[in-house]
Amino acid sequence: MKHEQTHGTPMKYGMAIDLDKCTGCGACMVACMAENNIPFKEDESEKLVSITWMRIFKLSNGKSFPDLDICYLPRPCQHCEGHGGHSPCVSVCPATATDYSQETGIVSQIVTRCFGCRYCMGACPYHARYFNWWDPVWPDGMEKYLSPNVSPRMRGVVEKCSFCYHRYQLAKNKAYLNGGRRVPEEAYQTACTQACPAGAIVFGDLNNPEHQVHQIVKPDPDNGNRSRNDRAFRLLERTGTNTKVYYLSSREWVRRAGDNYLAHEKTGQVAKLHH
Amino acid sequence: MKVDRRSFLSFVIGGAAGTALSPLPWKLMDDSSIWSQMWPWTPVPPDGEVVYENSTCSLCPGGCGISVRKVDNRAVKIEGRPGHPVNDGSICILGLSGLQMLYGPTRIKSPMKRIGERGEGKWQKISWDEAIAILTEKLTDIRDKGEAHTVAAIAGSDSGTVPALIRRFMTAYGSPNFMRSPSQRDVDELAVKALFGGDGRTGFDVENADYILSFGSGFVDGWGSPVRMFKAASLWKEKNITVVQVEPRLSNSAAKATRWVPLNPGTEADLALGIAAVLVDENMLDTRAVSGLGSWKNDLLAAYATEKVSQTTGVAAGVIVDLAKGFAGANRPLALCGRGKGLVSGSLRETAAVYLLNALSGNINREGGMWAMPEADYIQWPDVATDNLASAGLVQPRLDGAGTGKYADARYLTNRLADSVNGGGPYPMQALLVAGANPCHDLPDTQRVRAAFARIPFIVSFSSFQDETAAMADLLMPDHVYLERYEDVPIGAGLAQQMIGLSKPVVSPQFNTRHLGEVLIATAMAMGGSIANAFPWDDYETCLEETLAEKWDSLMETGVWVQADTEPVADTFQLAGMDAPAVQAEGDVNSFPLLLVPYDAIQLTSGYVGEAPFMIKAVADTVIKGTDGFIEVNPQTARAAGLAEGERARLTTPRGEAQVCVHLFEGIQPGVLAMVRGLGHTAYDGHLAGKGVNINELIGPVEDPSTGFDAAWGIRAKLAKA
Amino acid sequence: MDSALIPKGVKRCPMWQFLLGLGIVGAVLAWGVYAMLLVWFKGLNQTNMNDYYGFALWIWADLAVIALGGGAFFSGLLKYIVGKDELKNIINYAVLIGFICYSSALLILAIDIGQPLRGWFIFWHANVHSMLTEVAFCLSCYFAVLTIEYIPLILENRQLDKVPFFHNLSHNMHETMAVFAATGAFLSFFHQGSLGGVAGVLFGRPFAFREGLLIWPWTFFLFTWSAAAYGPCFTLLITWITEKVARKKLVKDNVIELLAKISGWMIFTYTIAKICDTTRWANITAPGLGQNLADFYTGNAFYGYWILFAEIILGGVVPAIILISAPLRKNPTWRVTAFFLGVMGVSLNRWVMVLQVMAVPIMPFDTWALYYPSWQEVATTILPVAYGIILIMISYRYLPIFPQEAELNPIQEEAAMAVEPHTESVPDLKPANA
Amino acid sequence: MSTLDEKAQAGMDDHAAHGGDGKASGAGGFIILFFIIGFAASMVLGWVIFPKLLYSQKQQPLNFNHALHVEEVGEGCQACHYFREDGSFSGIPKLAQCTECHEEPMGDTEDEAIFVEQYVTKDREVPWLSYSRQPDCVFFSHAAHVIGAKMDCVVCHGHIGESEVSRPYEYNRLTGYSRDIWGKNIAGFKRNSWDRMKMDDCAACHKEADAIHDVSVQTQRGHCYVCHK
C-alpha cells in the first residue's frame, strides 16, 4: 500500500531454527498439518507424495558405529527472496499463482489461481512445494476440525508453507480494531514456532532489530543477507536463493551439510555467485 | 427454400459468430474454472466466533496444559497453554493430534454388545440402560455365587478419581484384582519404598541439574513428561551442560546428548554400579544421605572393578572413569533411568543402582537433584463398608500374585496376567473390565495375552476407540474422550512437584458415549446394597468437585493446581536391591545369535491410544513403508546376513516371528537389532491398522526375580532373508 | 471406393488394407484416449510422478516433439526466406509432421496440468517472467501458423480443390506462405528457446542452471539451435519410414541430401556450442555452486557419464560427421543411421534437461530420486504417436503431400480405372480437366 | 458472400460458370438469411436463455425487514453486524443474538411467527442465505475497510439496510456462488459499486482509492495474500 509503506520499513519475516535444540520430534510438522488443513491418506509412507509443508530431514555425518552423529533439520518453505524478490519458484509460475511480497517477504501460493503445471516444484531446490495428487478426503467426521482460516485445497494444485500468513491477517484485523496497523512480534507467530517443544524455532521480522529473530540472525544486507552469527547458515546459500530461514548449529559437519562444497572449500567461506 | 450444405454452413457460421458475441462461452469458461476452484466435494470449513478453551491433556502421563481453539462449536486446533507450569505453551505431536481422535471414525459411537463370534467385529448398538443392565446382571450373578474375586479390572493408571472409582468399585464388589498397565512407575514406586522406606515416586529437578547421566532414558523420546523434558533438553543446550546418554542405540536422545556412550544392551546396571565403584574408590562421594554404606563399599569394589565392568558393558575403562569424574565433578549431577519412555516395569537392580548414583553425589531432595515424592493424597474418601460377599472376595489372593509371597512388594503384576488366566493362577477369571488400557496390543507376548482373553467368559471395554482389546470384548461401554469430559489429571511423570491438572469438556460429547465415572456410579446404584452405598455421589462431577474441595475453584480457573511445598518421603537413602541378579534376555545364543531391542519414538504413542493419522504421517519411511515395518540393523550385521537396505527379512525370536524390512543404521551396535514399539495394530482403521510389526508379538515378559516385574530389555533373535 | 479423393497420378493401397492399418493404430489410439480420460477424471494420481518429479515423461515428450517438429519452421525458413526452392518437395511433409508434433504437444500439456479447466489462466493471468508463459504464447501462436500452413494442403485434396472458394483460398494462402514461414520462424525461435530456458533459469538447480545472454540462459539458444538442427533429421527420418512403408520413393535424393547436408552442418555447429556450454558449465557454473560433474553422474543406478557420451558424441558428433561428409551422406544406410542418431541425441538431450534435472539431489543430504512412468503416462505419450500415424496415413492417402511422387512412380495401366468412379460421387461438379 | 462467390467464379472454367450464375445469387440470399438466423438464435440463447439457465433462485427462510430493525435498534448496522474483540467481523447474527430481543414474538407478522416457532423455540439457527458470501479462498478484512479505511457498508452491500423485504437469493448453478458476487448484469456492466464483487472489482476500487499495495514483485499490485487465504 502506498501510504502504508511510508509507515516504516517493509517487514521481512523469517525464521531461525536451532538445530542443536531440534529433536526431530515432528511437533512442528503436525502443528502445521493441524493449522493448515493439510490432508492425509491411508498410506503416507511414500514421502514423495506426502504433503508436509514442514518436513524434517535426517542428516548424518556419514560415519560408522560408534562415531555416527545425526541431526534433524526441519524444512518449511524457505521463502526465498532471490534477487529482488525473484525467488526460484515465483519467477517461473506462468499464471502468477505465487508471488513475493516486498511488504512481508512472504512467498504466497494461491491455489485457486494455480492450474497445476508444477513448474514451481521443479524450480524449488528444497522440495518445499507439494502437489495435490489426490482429492483431499477427510475420514467421516474429521472435517469438523478444519479451520476456516485456511482454505482446503482441491486436487491438481500446488501448495506450500505460507508462514501461517492467515495468522498475520487475523493479527492485522485486531491491530485495526486497536487503532494501529503494525502487528506486534508476539501477535504473529507461526504454528510450528508456537508448538515446538524444544523452542528451536524463532520467528519474526528479520528487518526489525527488536525482534528476537533479528538478534539471533543479525543479517548482513551488504553481504546478501548472510548471517553474522557464526553458528548460522542457510540452505544452498550459494545458489543465490537468498532464503529467509536460517539454521543454527554448533557442529561444523551440519553447517557444511547445508550447502554444496567442493572438497577444498571451507565451510561457509565461499564467495557468492552472481547472476 | 432448399436447405443445402452451404446454407447449413452459413447457419453454423452465423451461430458461431453469435455465440462468440454472447456471454455464453466466456461465462461458461470462467464459471467452470471457478467451479474447479471449489469443487462441491472439497469441504468448506464454516467460519464463526473463535474462542479458546483451557484444559489438560491426558493422552499421556505428561499432564500438559492445552488451549483448544474453537470456531463456534467445533474444536479446530489444540495448542499448548502458555504459562502452564509443565509445558508453557509448547505441545507434543500426540497432543496436537487430539482432534483427530475426538472426531475420528475409529471411535466407538455408542454402547454395543457382541452378537457374532468374539473378535469377529459383529456388534449390536444398545442403549446405555441396557448396557448397564447387562453389566449389572453379569456382575451380580458372579457375586451371588460367591465368586466376586474372579472379576478383574485393568486401568491405564491408578491415580486420579476415575481409577480410584474403579478401584473402589472393585473393593465394594469384592475383588482384589485391580490392575494397572505396566510402566516404569512400577519399579520406581517399589524402589522408593525399598530405598526411602515409604510410598511415593521419584521426581527429577532436571531444569536445575548441571550434569545429566541418562541410562537409556529417552529424554527427548517421550520419557517423563515429554514436553517438559524437551524444554529441559533445550535448557541444557543453552546452559552448555554436559549430557551423557548411555544406551546401545543412537536414539534421538543420544544424538541430542553431548556424549553418547554405547554399551552392551542390558548392562546399564553394571555400568551404574561400575561408576559407583569408581566414585567409592576415588572417594568422590557425598554420603550424608546414604545409610549402610560401610561394609558394602568393599563388596561393591570387589564386584564392580572397572576392568570387569568394562568387559561386561563394552564401555572402555577410561570412559567409565571419565563418566564417574564428570558426574562427581559437577555441582548438581543427576542420573536418570527407565529405558526409552519407561514403558516397561523394569529391573529393581538397575533402578536402585542409578538412584544410588544420585544418592552418592548427595543430591537427594535438593535443587537439581532427585526427589522422593510422596503419593498424591487429595482423594480422601471414606472407607468402603464391605458386605460379607465382598469381604470374602477381598481376602482371596490376587490373580497376578502381587502383594504376596515372593512378590510381596509389587502392587500390580499385570505382566503375569496372561499366564495366570491361561492356567497358572489360583482361580479362573470370570469377568474383566478394561478402561484406559489396551492390553491386547501393549502387553508383551501379545499372542498369549490374546489367548488369555479368549478364555475370559465376559469382557467389558470402556475404551473410546475401536482398539484391539475392545475387539475382544463382549460389551462396549465407550467413555468420553478427554476433550468431552471432566477429570482430574494428577501429574507424576518425573516432576519434582505435586501437580493436578483438570480436563474440562471442550466440546459436547460427539457420540452416545458416557463418562466412565458416571457409568461406575450408575452400575453401583443398579447393584444396590453396600456397593451403592460406597458411591454417595449423584454424579461424577459432584464426586470430582467434592474430592478436589478447596482446589476445585482454582482448578476451574487456572486448570492446574501446584502444591507449594512437598515433604519428601524420606531424606535417607538405604542401600537395597542392588545385589539382585541381572535380568538376561530370553533365548539361547546359539539358535538366536542376535539381540532384538525395542526402542521408543515420540511420533508413536506406545500406549493406550492409537496413533492419529497426523502422527503416522510424521513417521519416517525408514520406520514404516506401506505396511512394512523396519528393523534397524548395523550394516556389518546386515552384510553378514546378506541383507541390503530396504530388503525384506524374516525376524525370529523365541516368542514369534515376523516379516520385516531392513534399515541399515550405523547408530546401532553390530549384532543388535532395534525395532520401534507401538506399531502393528490390528484394530483401528486403515490409517493405522496393519502398519509395521507389533514388537510385543516378538518379545515376552522376563520376570525380575526380585520383584516379579517384567524387566525385559530385549530378546535374542535371528535374522534371515525372507 | 474412395478413389475420387485420392490425388491424381498416384497409386494407393486398397481400402481394406488402409482400414486395417487404421484399425490397428486406432486401437492404440483408443488405449491412449482411455488413459487420457482416466487422467482427466481421476487426476494426476494416475501417473508415477511425485513431488520430486513434478515434470516427467510428459514434459519430456513435449520438449522432444517440439524439437523434432522443428523441421517445419526450419525447412520453411530455408525455403521461403533463404530461398532453397528444392525444399518445396519436402516442405509439405515437414509442415504435416510439425503440425502433428505441435498438436501433440498441446494435447499432452492439456493432460499434464492438474486443473485443465483453468489452463487458460496461463494466457489470462500470464506472468511475463515465466519461461512457460513465453512457451505457451509462442507455442499456441505457432500452432496457429502451422494450422494455416496445413490448411492449403488439405484444400489441395482433389475434391475440395474443386470448390472454387477453397481453390482460391488455398492458392492465396500459398502466395502469402512466406509471411507465415517468417512468422513461424520468429515464433519458433522464441518458443524453442523458451523451452530451453525452462530448465536453464532454474537457478536453484545447479544441474540445469546456465548463465547466458540478456534475459536468457544459454539453453535458450541451444534449444532453438538444436531444434533447427535435428528437426529436419526427424522430417527426413519420417520420410524414409514413409517411403519404406509405402514401398516407393517419394522425395528425390537431391532434396533429401540438401536438407541432410544443412542439418549436418547445423548439428555440427550445435554440437560445438553444446560442448562449449557443457565445458563451461562443468568447470565454472557448477563448481561455482559447489558441485562437480561426479555429483551429477555418479551415485545412482541410471544416470552415468554414458549419457553425456550418448548425447554429445553419438547424438551430435557422429551424425554431424556422417551428414557433412558427402560420400557418407549419399549412402542411404549411413544417412538414415545419422538421422536416427540425431533424433536419439536430441530426445536424450531433452530427457536430460527434464528428467535428470529432477533426479539430481541438490541439498547435500537429499538423495537421488528415480522414476519410471505409469502405464497411463506411457499410453498417453503413445497416444500422439498413434494420432500422428493416423493423420499421416489419411493425409498421405488423400492429399498431394509429396509433389514428386507421381513423377517418381509413374502409373501405367490402372491410371484410367482409378479416375473413373469419382464422377458419380459428385455429379453436379464435373472436374475441369477430367 | 457475393464478392467471394464472384471471386470463386473467376477461378472456374467457362463451362461451370454458365450454369452456376443464377443459382449462386439465389442461394446467396438464403445464405445470408441462414447466417442471420444462426446469429440471432445464438444471440438469444446466449443473452437471454443462458443467464436464466445459469442462475437459480432461493427464498430466504423468512422475510427480514432491515428497515424496521435499523429504526428499532438505533446505532445503525453495527448494532447487529459488529466487530468481535479479536477484530473479526460477526457477519449475519446468530440466533442467540436475535433472541436477546425476540425471546417472545415481537409484533404479529407472519414472519415473526415463523421465526419464533421454527427457530427460537426449537433453538435452531436460521439458515440465512448470505448475498455477499465470498468464495472460501478469499480473506476479506472488514476491519481494514470499515475501521482502517472508514468505508461505508453501502459501498459493497448496497442499500440492503433500507430493504423491507428479503429479495430472493440468486446463485450460480455451476459455481454455487451468490449472484451479488459474480455480477448482476450478464454483460458485466456495473451501475453501482455493489453490483459485483469479483477480484477485479476489489482491484478497481483499490486503485481508485489510491490504496494499491504495490508490493508484489510479480504483479506490481497487492500481494496475493492480502486478500487470499
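Odds and ends about this structure:
Per-chain residue numbering starts at 1, and chain names A, B, C and D are given in the order in which the chains are listed.
Convention: a contact is a pair of C-beta atoms (placed from the backbone, for glycine too) under 8 Å apart; a residue touches a chain by one contact, two chains touch by 3 or more.
Note that this is a predicted model, so its numbers are computed, not measured.
Chain A has the Cα centre that lies closest to the mean of all protein Cα atoms in view. Interface comparison, A-B versus B-D: the pair with the greater number of contacting C-beta pairs is A-B. One finds 33 Å separating the Cα centroids of subunit A and subunit B.
Centroids built from CA atoms put subunit D at 55 Å from subunit B. Computed from the mean C-alpha positions, the centre of subunit C lies at a distance of 46 Å from the centre of subunit D.
Each chain gets one centre point, the mean of its Cα atoms, and the points for subunit B and subunit C are 63 Å apart.
For subunit C, residues that reach two or more other chains under the stated contact definition are 115, 118, 121, 127, 129.
Shown for subunit A are the residues that touch two or more other chains, namely 46, 50, 58, 60, 86, 91, 93, 96-97, 112-113, 135, 151-152, 154-156. Within subunit B, the positions touching two or more other chains are listed as 32, 35-38, 44-45, 47. Taken in their complex, subunit B has these residues touching subunit A: 36-39, 41-48, 69, 71, 74-80, 87, 89-93, 96-97, 99-100, 102-105, 220, 226-227, 230-231, 233-234, 237, 250, 252, 255-256, 260, 262, 510, 602-603, 613-621, 624-626, 634-636, 666-670, 685-687, 691. Residues 1-5, 10, 84-86, 90-91, 93, 96-104, 106, 108, 110-113, 149-152, 162, 165-166, 168-170, 172-178, 181 of subunit A are the ones touching subunit D in the complex. Every residue of subunit A that touches subunit B in the complex is listed here, in rising order: 18, 20-21, 23-27, 29-31, 33-35, 37, 40, 42-47, 50, 52, 56, 58, 60, 63-66, 68-72, 112, 135-136, 138-148, 151-156, 191, 194-200.
Only residues 1-4, 6-8, 10-19, 21-24, 27-28, 31-32, 34-35, 37-38, 40, 44-45, 47, 49-50 of subunit B touch subunit D when the two sit together in their complex. The part of subunit A that touches subunit C in the complex is made up of residues 46, 48-50, 57-60, 73, 80, 82, 86, 88, 91-97, 113-127, 129-135, 154-158, 235-236, 238-241, 256-262, 265, 270, 273, 275.
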